[in-house]
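Following this line, the structures themselves.
There are two complexes below, and they share subunit A, which is joined by subunit B in the first and by subunit C in the second.
For the complex of A and B:
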């Protein structure tokens, strides 16, 4: 599971969950891929994401130092090197083993073999 | 110019009760190939397939749109996700998969307005190309096994589709397009009328394959002059 996927995830579909975002993330194992950097594509992706959730994801792999603690005001003002850091977090980090946790109910959704399992029935077992 | 059909390993598909690419799969691929110029002109970034099965359709769309799209796919069946990853790898592309029912757990693909003290940020819905080949065969009983889940659609053949359809306009980006596989017996006229206020629907392709009369329906978001009101959060 790439970290950009975490950005789109929530546990709002669970009963009694109002926000369910961002999901807590624990990473036991991840691999770093080398997906080609493209400035325009990275900016397009950054326009889609929510910064608070990206910070959660970066912290989960102890790579918070790659990006600023505050959301930059304009993506296209960043240098290629700065954007590469975002690209690396969003597209190159592939979580193999870990857990996603609902921030409200603490329901656990496992990530195994790189695949997150968001099935409610499995989580409630 | 014809876009090659993705390679896939039939053995792995058959061994794991994953829906084998069949006429419906290829009709969906044909419909996308027919429209590929138009889809490209929408400048899509994010593709989501719900119920990806073998992953052949997602792989085809990713290849047809070139390297600039991000593909995501969901399925209930864990073997389908394994096979989808394998199909992607075999064709040297990338798909990110999530095991879930429809798109549960991916609600943040849905647009919203986020207000803080200082700013008001509008997040549009994210899915530029949505693909769904649901279990559409009318069946007496609800499905119980993995393989039944791939085709059994309940009495009208629409039990899964009717759970997704109401939520499609929420998911699609303002330039989004949705391709749906349906059977004649699923009541095509009523499907086309669904969301007629927000989406334009048309029959993209139809084909008779044995006893099945298959349709590919295409839904396009209507242009909005002003941003439709979206759910507020935080």
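For the complex of A and C:
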């Protein structure tokens, strides 16, 4: 599961969950890839991501220092090096083993072999 | 996918395919319309870790509200227990202006029910067509290729000829005849969340 996928995911479908976002993330194993950086593509992605969730994902792999604690006001004013840090988090990190947790009910959804399992029945086993 | 207003330029869209199977269609999208930055698949049965696939239920999509620009669902919703709940989830996770493209084999009487269900949620029908004839022509073409392969297969494979031909909807099979005679039709719809 690439880290950018975490930015989309929610436990909103669970009973009694009103928001279910962002999911808490525990990473036990991940791999780092080397996807080619493209400035414009990175800015397009960043325009749509939820920064709070990205901070959660960065913290889960102990790489919070790559990005600022506050969301930059204008992505296109960042240097290539600064944007590469975001690109690295979003596209180069592939979570193999870990857990996603609903922030409201604390339901745990495992990530195994890189695939998050968001089927509620399996999560309750 | 050609129904989509931005076809064939999907690279800046956040795309979700619900019931993506083992991800082969995601790979096809990536190969023909990529590279796409955010392309995610969701299915209840997954065996390959490719292209950001998530185990998930179409009736309970594990995604935040207003996350996607484009949702694709191909030949799957007829198997769901509650297509209205699925449509509701699609509406929830789509951004305003986002598009839901739905393709399926249905009974003719289902067409207005499906369209009414989508419109009752707030979707606007932007494109609706019945393309049964084209699909049957496509099945004729693909069946010819598969039949040729089957003829060359060993005897213990040929023992299952009828079953195998049913899987690729070959002429003479029940599924094929239902389409050819339009007892069932192939529906292609694009709804927009406005």
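Keep this in mind: the second predicted complex is superposed on the first by the 125 of 125 C-alpha atoms of A that agree within 3 Å, B and C clash if a C-alpha of one lies under 4 Å from a C-alpha of the other, contacts with A are read in each partner's own complex, and residues count from 1 in each chain.
One rule holds in what follows: a residue touches a chain if its C-beta (ideal position, glycine included) is under 8 Å from a C-beta of that chain, and two chains touch if they have at least 3 such contacts.
These figures come from a predicted structure and were not determined experimentally.
Engineer: Which term applies to subunit B and subunit C once both are placed on subunit A by superposition, clash or fit?
Structural biologist: clash
Engineer: Is A:13 contacted by the first partner subunit B, the second partner subunit C, both or neither?
Structural biologist: It touches subunit B and subunit C both.
Engineer: Just to be sure I read the superposition right, which of the two partners does A:2 touch: subunit B = first, subunit C = second, or both, or neither?
Structural biologist: both
Engineer: Applying the touch criterion given at the start, work out whether A:118 contacts subunit B, subunit C, both or neither, answering first, second, both or neither.
Structural biologist: Touch partners of A:118: subunit B and subunit C.
Engineer: In the superposed arrangement, which partner chain does A:45 touch: subunit B (first), subunit C (second), both, or neither?
Structural biologist: both
Engineer: Please identify the positions on subunit A that touch both subunit B and subunit C, taking each partner from its own complex.
Structural biologist: Touching subunit B in the first complex and subunit C in the second, residues 1-2, 4-5, 8-13, 20-21, 41, 44-45, 48, 50, 109, 113-120 of subunit A appear in both lists.
Engineer: Spell out the residues on subunit A that touch subunit B in their complex, using ranges where they run on.
Structural biologist: 1-2, 4-5, 7-13, 19-21, 35-36, 38, 41, 44-45, 48, 50, 53, 109, 113-120
Engineer: Can you tell me which positions in subunit B touch subunit A when the two form their complex?
Structural biologist: Residue positions touching the partner: 45-46, 67-68, 70, 72, 76, 78, 81-82, 85, 94, 96-101, 104-109, 114, 123, 126, 233-234.
Engineer: Hey, which residues of subunit A end up touching subunit C in the complex?
Structural biologist: So the residues of subunit A touching subunit C come out as 1-2, 4-5, 8-14, 20-21, 41, 44-45, 48, 50, 109, 113-120, 122.
Engineer: Give every residue of subunit C touching subunit A within the complex, in rising order.
Structural biologist: 11-12, 14, 37-38, 40, 44, 46, 49, 52-57, 60-65, 67-68, 89, 92
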